[in-house]
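The following pair of complexes shares a single chain, subunit A, combined with subunit B in the former and subunit C in the latter.
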Partner chain A sequence: MAEDLIKECENRLPGKLVENLKKAIAKRPINQKQLKEVIKRLEEKYSYAKINPGEAIGIITAESFGEPGTQMTLRTFHFAGVAEANITLGLPRLIEIFDARKKASTPSMEIHLKEPYNKDETHLEKIISLIKEIKLKEVISKISINIMKLNIEIELNKKRMREIGVTDLTIIKSLKTELKSAEVNLKDDLLIIKPKPKEEELTLPTVYALKEKIKDIHIKGIEGITEILPIKKENEVILLTAGSNLKKVLEIKEVDGTTSTTNDIFEVASVLGIEAARQSIMNEAGKVIKDQALDIDIRHIMFIADLITNSGIIKGVTRSGITGEKESVLARASFETPIPQLVKASLIGEVDHLNSVVENVMVNQTVPLGTGLPNLVTKMKKEGEEPK
Partner chain B sequence: MGKEQEHILVPKHTKLDEKEIQEVLEKYNVALRQLPKILKSDPAIKELNVNPGDVIKITRISPTTGKSDFFRVVLND
Partner chain C sequence: MADVFINEKFVGTVENPEEFVKTVKSERRKQRIPPLLNISFEKKLNDIHITTGTGRARRPLIIVEDGVPKLKEEHLKLLKEGKLSWKDLEDQGIVEYLDASEEEDAYVALADKYVTKEHTHLEISPITILGIVTSLVPYANFGQSSRLNRGSKTQKQALGLYASNYLLRMDTDVSVLQYPQVPIVQSFMHEVCKYDKHPSGQNIVIALMSHEGYNMQDAIILNEGSVKRGLARSFYFRPYSVDELRYQGGLIDEIGIPDKEVKGYRLEEDYKLLEDDGIIFPEAVVEEGNVIIGKTSPPRFLGELEEFSIAANIRRESSVTIRQGEKGVVDMVVLTENEEGNKLIQIRIRDQRTPEVGDKFASRHGQKGVIGAIIPQEDMPFTAAGITPDIIFSPHCIPNRMTISHLIEIIAGKVGALSGRFVNGSVFSAEAETDLRKELLERGFRENGTERMYNGITGEEFEANIFVGNMYYLKLKHMVANKLHARAAGRIQLLTRQPIEGRSKGGGLRLGEMEKDCFVAHGASLLLKERFDSDRTEVYVCEKCGMLAIHDSFKKKPSCPKCGGNVDIAPIEISYAFKLLYDELRSLCIYPQVKLENKY
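The block that comes next holds the complex of A and B.
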């Protein structure tokens, strides 16, 4: 019987409350009548905790971030002597997340490894060499231009190549795929690259430009991942990286594809979808707030994450993102760049219906919030109809 | 199931049938176009075989309420 009562209240109460109720009952059995009373009280308390219709939750969220944000600014950029990789933290990072900047200023990944690689450190070197990006300039000892023959001569660093497990063949192969318009030859440990111009005559500047380009050719590993720092966390080895490439990293078979993450939210959205991006926004913003020892309710972060991902793609809180999509011209003008907004709106003849908050504040009218929200609606009688 | 659905960041996505869609719209008193959106090309739903206008139920593990349901309507990109 008790199960029926609990099942019945599941529709009206959030799951976590019902779970807690079940646990409490298991510990201390109560009779039917008591349970009914408990559920009644629970529902009452829950309805008090609910936010009122018409409450301006947006401004509450803004203030909840704004006030601790002022504290945060003072404590940013002060981490002298930290040995770990330099990652944007504090207010700059929070702004980056909420503005949804396409390029994170310090992309970074947290790579978890599968069993047994996460405990066993003997394979670590090999896995790191699989992931870390190696460019050509790291495996050469000398690169020069032969002015007479107008070609580029590269001396390979055999010792370094052995260390990271790269052979001549892999280098030549990646050079050949990258350089469509050049001839690649290996002659007694000297790699000779002869550019083949299509139309114009070969000149020194073009050869020089090619030489600079060659240095950055990708040889091995995953593109974008420039540094790897293994750290030990709760008996498990985790790889922290500078640079991020979630898609490629998840494809590596030693990597745990279910827990490895990146701090680049756009990458999460494109690889794992919009819901994962929402979770990622919450995690990243939560991390900043926790780092700074601030106390912002998780509901505010959830609210912003929901807004940013509402349209199925990530839209920041900027004039080109969700704020720019406001219906009202005056509301948009009140955010950023007022004059261009007004000029643009007048050119296409936009109408402002004064449906929301900011524009009503501007024209000194009651804002549709709280007690200002309800309106009187009159049902007009039809012609010939008797009034009721 | 693909790799995407197993990742810890990805909550469970399920496709709703016609009747369930009506129930959702009635419960929250909204029109289909007022629901939050999800793109048809979203990696998390690529194995559900969806069309624009379908509604996806997302069972999130919420830090405040335990399990909670969220709904998104499928859009063409």
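The block that comes next holds the complex of A and C.
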């Protein structure tokens, strides 16, 4: 009987609530009458929790971020750079997320490791050396230009090479693949690079430019990850990085791909897809809010994340993103760059149906929200009929 | 080897930077290099910076060489006798000025006794740590530094005797406190700057308690008895002035009671206070709208004069009236002439301001607040000795602001008042709190400054001991009478037909962008529309082309500028600002059509 009652209310209540109800009953059985009352109250509460038609959710969301945001600005400064690595926090980070900046100012990853490796610290160094990017300038002790021969001479730092497990061969190999137009030779600990000029004669400036380029040649590890900091969190070793390269990191077999994350939302979108990016926006925004000890309802964050990602690509809350795609010409013009907006709209003869807030405020009409939502429906004038 | 920069421009290198800097400095002290030059060596960057430019803040310090200050007893003696001047000290290389960058290289001893071999300079006096106003805060070393900043800021806003010749001056927006007192708790700076010649506050009795909630947040409660006895009364002065201007064509302003034919003549009653010369008499009681200087000006455009020669002599009324919402007494009338030799009349209005709800007060510790209520003396709480406090201050203002100096001043003030002496509250060298407490105990009071108090309304004894004492309070220049503002209807702007801005012009109070958002968030659309329809207009729209049309109500005929006479037009209600936008778009050759839906 109880099952019938529950089944009956299933299409009126969300699944999660019904599930919780079932669990609660299993723990503490109640009789038919009580269950009826419980379901009745549950439905009542649920209907209260639902958003009413005509509720200005957009503005409420904006206010929910805006009000605590004013307090955040003041506190941000104190927090920057104190904890672990230097990661942008606070309002600047929130703006970065919502504006959907292509380049995060401090890309960073949180790498989790698979079962045996995440507790065992003996393998840690090896894994780090697999991930951390090594550039040529880190394994050399001297680099100079031989002006007479117009070539570059590099003295390798053997000690450092041994420490991070790089051999002469790997260096030469990566140099050869990077430098198509140069000869690479190793003569007893001295790496000599002779640029091969294409047409004109070899000049000093071109050699100098090559020298600067060589310094940054990628030798080992994953490109983009410049720093790794292992930390211990609840008996588990986690690697925090400066720089981000989700795709390459996930390819490493010791890395747990299900829990490792990056704070670069665009990278998440390209590697794991748009739904993951939505979740990532929520996580990142949530992190900032939690850091600042603010309390913003998750639904507001979900709403913004939905708006940013619902077109399948990430669009920021900017005039080139979702704000610029507003239906109303007047609303767009009142946000940023009014003149181009009006000019463009007039060129294609756009129609503004006055459906939203700003445009109705501008023409002094009721905003179709709240008390302004209901309208009287009257008989329409028919063709040729005189008004009464 | 170090790079040398003069005024941030690279000039060359020197082999031995430290030696070089030392030589420059010693040459400067010998006056062979101008003393306005400053030099500093930045070890990290290996740069020497020499600056001679303007705009550097520099401060004088006594030079120390090998652990011995160059200023000796004999110099001090000569200085006292007046045989040596400051300039001599500079010239003899005893004192030099450092700028911010050279200070980086200096090691300055705070006082004589701290000088060691490593020191390069000696502070002239350790009191220079704080400025003049900051030094006026008693027990400043017991407070939070940010509160100290605020405490000095509020002292600058306090009413007092701002200048002893204030009766002769024509200052704008100034006030004078009627019964200024010298503080009981003083610092050395009060003596140095002769504070007793220009005090700016009053010693009051303060109780730290809450009372009926009228002193929540930062509000304070004032005793009506104290107000009636003259606490915190002040005069507010406002000058009005008028020039008898001369215009092109030999026309001239005329000061005098205007004729009744004059364009813009006010009510006859408004001119009643003027004497025959058109100027008000001293000690006249005036209020808003009263004319204090009668004046007429020639017609605005000369063209008018020629065309309508009969009505040529119609002059404009341009009298000076008392500002909106202000009142007072004519304090002084000055007849003089301005730089061009025209007649100039200046009138100073004096207004007595008794404290009222909303006036701002502050102690010297950055504890500022407005009056929340003025309570009759019989309803004020009283102590066992029958003392009623002048001010009731909320205890919630203390914990998070950590202004301990505020509390100590109350004890010190109490001691001073009881024993009839001034208490020294100078920073770092004040009378110790423990001594003050001991003295308080000797006077028969609780050593912690608290007293039993009784409810003034019911007569019941309060359960808690209340902290009562004397302290110096400042009335600040922000008074509600100067800020109060409200408007129902009034003047509007010509262009947008929206209310004008500003209190002095009787402008509107803006319902801004964020306030609008609040209305929307509450779903109060109809209320929002009502709030925003200050510039509501009715316009007619041609149903055919969507342009704004004209309804000739005289002929009862519609007409559209585009489609001509025989069209259907419909009235719509829009904001004038939008009509303006519409017209501006049209002037840019954009054709915005208004499409109507749902007629009837």
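Worth a mention:
In this section, the second predicted complex is superposed on the first by the 365 of 388 C-alpha atoms of A that agree within 3 Å, B and C clash if a C-alpha of one lies under 4 Å from a C-alpha of the other, contacts with A are read in each partner's own complex, and residues count from 1 in each chain.
In this text, contacts are C-beta pairs under 8 Å (C-beta built on N, C-alpha and C of every residue); 3 or more make two chains touch, one makes a residue touch a chain.
Owing to the predicted nature of the structure, the values given are computational and were not obtained by experimental measurement.
By the touch criterion stated above, A:Gly273 is placed in contact with subunit B alone, subunit C being left untouched.
When the shared chain is aligned, no partner comes close enough to touch A:Ile192: not subunit B, not subunit C. Once chain A of one complex is fitted onto chain A of the other, the partner contacts of A:Ile238 are absent, as it touches neither subunit B nor subunit C.
In the superposition on chain A, A:Met362 makes contact with subunit C only, while subunit B stays out of contact range. By the touch criterion stated above, A:Glu55 is placed in contact with subunit C alone, subunit B being left untouched.
In the overlay built on the shared chain, the residue A:Leu229 is in contact with neither subunit B nor subunit C.
Once the two complexes are overlaid on the shared chain, A:Ile145 sits clear of subunit B and of subunit C alike. Once the two complexes are overlaid on the shared chain, A:Ile95 sits clear of subunit B and of subunit C alike.
Contacts of A:Thr371 after superposition: subunit C is touched, whereas subunit B is not reached. Listed in rising order, the residues of subunit C touching subunit A in the complex are 516-518, 520-529, 532-533, 535-536, 573-575, 577-578, 581, 585, 590-592, 595, 598-600. Remark: subunit A residues 54-56, 59-60, 62-63, 342, 346, 351, 357, 361-373, 378-381, 387-388 touch subunit C in the complex. Taken together, the subunit A residues at the contact with subunit B in this complex read 14-17, 19, 250, 257-259, 261, 268, 270-276, 279-280, 283, 298-299, 302, 306, 309-313. Residues 3-4, 6-11, 13, 36-39, 42-45, 58, 60, 62-68, 72, 75 of subunit B are the ones touching subunit A in the complex.
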